[in-house]
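In what follows, chain A forms one complex with chain B and a second complex with chain C.
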Partner chain A sequence: MTAAAARRDRIKHAFLWPAFLLVLLISLFPLIYALTVSFQTMRIVPPTPPRFVGVQNYAEILQSARFWGSMWTTAVITVLSVILQYVLGFALALALHHNVPGSSLYRVTFLLPMFLAPVGVALIARMIFHPYLGPVNDLMRAIGVGNVPFLTEPNLAMAVLIIVEVWQWTPFVTLLMLAGLQSLPQEVFEAARVDNISAWRRFRDITFPMLLPISVAVVFIRLIEGFKVIDTVFVLTGGGPGISTETLTLFAYNEGFKKFNIGMTSALSFTFLVVVVVFGTIYLALAQRLTRRYA
Partner chain B sequence: MEGRGYRRTGLVLALLWFFLSIFPLYFVLVTAFKPPLAVSQGPTYIPWVDFQPTLQAFRDAFAGLRGDFWAPIVSSVLVSITATALAVLLGAMAAYALVRFEFRIRLLAGVIFAIIAIGGFLLLHGLWGMRVPYALGIVLVVALVVSVLANRLPLPGPVMGNDDVTFWFVSQRIFPPIVSAFALYLLYTEVNKLGLRLTDSFPGLVLAYTAFGLPFAVWLMRDFLATVPVEVEEAALVDNIGRFRIFFGVVLPMARPGLVATSMIVLAFIWNEFLFALLLTSGKWQTLPILLAGQNSSRGDEWWAIAVAALFSIAPMVVVATILGRMMRSGLLTGSIK
Partner chain C sequence: MAHVEMRQVTKSFGTATVIPPLDLDIAKGEFLVLVGPSGCGKTTTLRMLAGLEAVSSGRVSIDGRDVTHAAPGERDIAMVFQNYALYPHMSVRENISYAMRVHGTDKAVIAERVGEASRLLGLDPYLDRKPRNLSGGQRQRVAIGRALVRHPQVFLFDEPLSNLDAKLRVEMRTEIKLLQRRLGTTAVYVTHDQVEAMTMADRVVVMRAGVIEQAADPITLYERPANRFVANFIGSPAMNFLPARVEGGAVRVGGQVLPLPPEEATRLGPRGQVLFGIRPEHMRPSGHQASLTLEPQAIEPLGPHTLVLGHVGGERVTAQVDPRFPVRAGEPCVVPVDMTQAHFFDPVTEGRL
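On to the complex of A and B.
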């Protein structure tokens, strides 16, 4: 590159830096402060001056049954709901791709749930699953099962949270898998049809392997996003009954804003970050191996 | 023959899913028009048959009968529109730089930045007891200047390119938001003490949400801008027209569908966001999701009132989803998703 061209290119910094600085300032720099806070005991109520305690907060977290409980809850909700989202979402994408009757109608409606506020979705779910006044129990009574205490029994409360997650985020999987299906080369499928290969084998041997990379990405995004869940739980169960549906984010929030234990919340959020990075790396390593075996 | 079996299964599944997606929305829509008795005596479904619809719940909400209803709507609208506009503008600019120019960042310069930033903060705040915002500000400037200069030196080690910069932006999304939201809350409270109010304020929220929306904006706009042909720009460059005029006058108008789609997606994320609003607001600037979350404990079984509030959060997103659904059918989004 000539010196003149390099000088002319200097304008590129004016384009990139505003965004770069803002993310640095708002998303990353506060982390430095929060990291130092995580090694201190610091309380707002009653106000106590910060005191350096080393890794004591982290040790306390790792020994706390509540932390492991919330970790388990988060993992169960995330993994089960992502599996369901993937299977259902993929099946729906296949149906839409093969133009089932009325598919143009579904295309707009099936996008809707993922654009709604999770808090709003949770409020609606609270109505739908209400023990006496909700439509689901209306149906249960009609088929003779009787009232089911959806939100007050721990396992059922978990199930409802999973259903809500699946309801809201299956469309996301459908959207991306549909895009993937539309990008596949048609010739391969025509050749397979000529060779009289059954629909199931066409799926197993052609469609699925070819969509494996995008599947890996979609599942990754959903796992990462699912792991953050707080809004739905906050409204739907508040972590209850007891603390049986408390997720990691909710636990960290409660620690900071109900017990006002700031140092602990900081330590918790960094522990959470480590958990996400570790699981994310494991997942990507496994996924890479899987993709290579098929390719 | 067997193909028909799959087809039928697909149709049943699609119909079932259609019903399941629509029913809860239908239910909340009709509930907003129910009189109290139609809720408390068990579920009712069809207006005029099961119950006589009424506008009472809407009237109560607008009259502010149970708490202020307008304030959260106004603050949600102001904050999400401003932050979306800023995020998409800055994101599009950054994406343009990443598409048209080459960036080379030495890994070592990045490491130097991190060391100076963290070490300097510990020194200034931890040892000398400097106020947090001042310490962070000084450290930021020093670390930036030193690492930018260091980047010019022929340092050893890997050199990162444009894809890494994009990944840096997107990786903000992998972070659990509680990490940055809580850190931001801590920083904002420190800035408050200096007399500049950031918690529960318009600038504080807009800053947070702009940074929150930027990763999406950069990522999506990069794909959209890559499809804009470079020849037009080159012609303009020869005529000695400035880059900024080219960007705003030629490139952005040509990428308008992408701009609309990106804005819609960013707007949806900011409009629905809960955690940042929960941590950073306490009264005046509370947004709709916070109002909604509060409904539960404050209203109990007053479903008609809850439904009205939910509808106000849902309605704009129905418009957004419809616009995006149209664009998707025209093949615009499928191209960018890849």
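On to the complex of A and C.
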């Protein structure tokens, strides 16, 4: 290598290192720091000097009923709401794709919930489902059911959380499924019409299998996002009544910012990461088997 | 009665009329080709026959049954699309048998028909492959197989060969024609390729702007085109058109005089303004030969013959001559013209004289 070439080659460091250091600083460092903290006891209030305790935090988490409860809550909210989002979102996409009257209006309005901040949505939902002041309970009283404790009865509170999630995120599914529908080749459906295939069989045998890859992706995105739900729960129920609607993220938040138990929170966060990775892997493995049948 | 009838069929999109009233009769077992330039309404006509486009007015009947308002699936037709329109997630076998399976056809019958189609089309080695693992020609064979297992009243082909390369197109052309002969099923075939139209059709329908310009067998179309449009569209390279006068038993193009055969001269009589049409391949010696002087601009040797591209007066002229014909670009040359093959058109109506 000539001296000039070597000099030119050295320039690469000037381009590489700043970006690498930046990533290290804002992304990798906190991650590694949190990982080390998760093996220590560390409290901010009252200030306790950090002490290495090995996997004790993790052991405690796995033995805690509250962890398993929050895990169950998260799974129920996520799985049920994603199923509903997918079914409703796909149905809406089909309706919009086939140009039902007024579809251009719906196309815009159906997407609006997605653009709202989840905290705002939750605040509105809290008013709507308010036990005394909310319009839903006005309706319940009007039809003679009486006041329903939507946010203070565990099962109802879960249902409300699921409804809010579905309301806010169905448009996302609609958007992607509609894009998928519009990218399908038109002639294939014309061929099926010429072959006298009914609309239902066209959907079952052609549309659905052809959209399977995008469906898998959409559901995956929604599952991962759904697992991270915190703002809606925080505002609507605060994890209550008791801890009956506490999700994993909310549990970690409470440990960290109510009890200031930083070591435990870090351990929880990493456990959460493991849970998401495991769930994601299982889902993708199942989805792959499904798509392989068709692809 | 005709097997397929279109009576006063029209199609409008909004205020734009694509097909003015159109009448078309297709005989049972006939191979009919609709041909014309892009946007001439040939595909729209086919799609109206299939029921994929609703007719704006008029009546369509297939095998004596009025299907004007019937859904595509109720017309007992099968269609082959330009881009194959195969079900991408199904194997070749599943593609071919899908409609029969949905309609609950007996398993033995399905197996028999799939076997028959795959033998006929040479698809046996590919039955368990997915369409994406097939070549264009194989895919189109699958699409044809899917159409023929249904034993329909009518086959509809919408430019089925235009996505294939030239060599394959020639092969498939013959294959489709032979297949149709063997099955004896009425076929309507849309193409913009006049060679495809001429080689495959029992009868060619030349369309322009939604109007049928001429419907005839290929040879009539070539030898007696009904008007200038058809004369220009059929044949390659295209026919030459020269403004001329007919006087004293001869055609006068500018200062040049080309004597006509006596019977043709008698038939035409003296005429002030005509369009004299002569095909490049008819610029050859014959019993009634005339001479035309042209100014060659480019020489295109093709092997079996040579094309001379030049001018006569202000008009562009192409002549097809012998490879050894003495001609050089820029030097005026005299080519023979077979006057028995001359065509004459009215310069205003462009109809055949």
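Criterion: the second predicted complex is superposed on the first by the 271 of 295 C-alpha atoms of A that agree within 3 Å, B and C clash if a C-alpha of one lies under 4 Å from a C-alpha of the other, contacts with A are read in each partner's own complex, and residues count from 1 in each chain.
Operating definition for what follows: a contact is a pair of C-beta atoms (placed from the backbone, for glycine too) under 8 Å apart; a residue touches a chain by one contact, two chains touch by 3 or more.
Values in this document were obtained by computation on a predicted structure and should not be read as measured data.
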| item | value |
| --- | --- |
| Combined model on chain A: chain C and chain B, fit or clash | fit |
| A:Ala217 touches, of chain B and chain C: first, second, both or neither? | neither |
| Partner with the higher number of touched chain A residues, chain C or chain B | B |
| Contacts of A:Val145 with chain B and chain C, given as first, second, both or neither | neither |
| Which superposed partner A:Leu284 touches (first chain B, second chain C, both, neither) | neither |
| Partner chain(s) touched by A:Val87 [first = chain B, second = chain C, both, neither] | neither |
| Chain B versus chain C as contact partner of A:Leu22, first or second or both or neither | first |
| Which of chain B and chain C A:Asp231 touches, first, second, both or neither | first |
| Contacts of A:Phe272 with chain B and chain C, given as first, second, both or neither | first |
| Least C-alpha distance (whole Å) that remains between chain C and chain B when both complexes are overlaid | 10 |
| Overlap of chain C and chain B interfaces on chain A (superposed complexes) | 198 |
| Chain B partner contacts - residues on chain A that touch it in the complex | 9, 11-16, 18-20, 22-37, 88, 91-92, 94-96, 98, 100-113, 115-121, 123-128, 132-135, 138, 167, 170-171, 175-176, 178-180, 182-183, 198-200, 224, 227-228, 230-231, 234-235, 248-249, 252-253, 256-257, 262, 265-266, 269-270, 272-273, 276-277, 280 |
| Residues of chain C defined as touching chain A within the complex | 50-52, 71-74, 77-79, 81-89, 98-99, 102-103, 130, 143, 146, 150, 156 |
| List of chain B residues in touch with chain A within their complex | 2-3, 6-7, 10-11, 13-15, 17-18, 20-25, 27-28, 31, 39-40, 42-43, 45, 90-91, 93-94, 96-98, 100-101, 103, 117-118, 121-122, 125-126, 132, 136, 139-140, 165, 169, 172-180, 182-184, 186-187, 190, 207-208, 210-212, 214-215, 218, 243-244, 247, 268, 271-272, 274-275, 278-279, 288-289, 292-293, 295-296, 301, 303, 306-307, 309-310, 313-314, 317-318, 320-322, 324-326, 328-329, 333-334, 337-338 |
| Residues on chain A engaged by chain C in the complex (per definition of touch) | 185, 187-188, 190-198, 201, 205-206, 209-210, 294-295 |
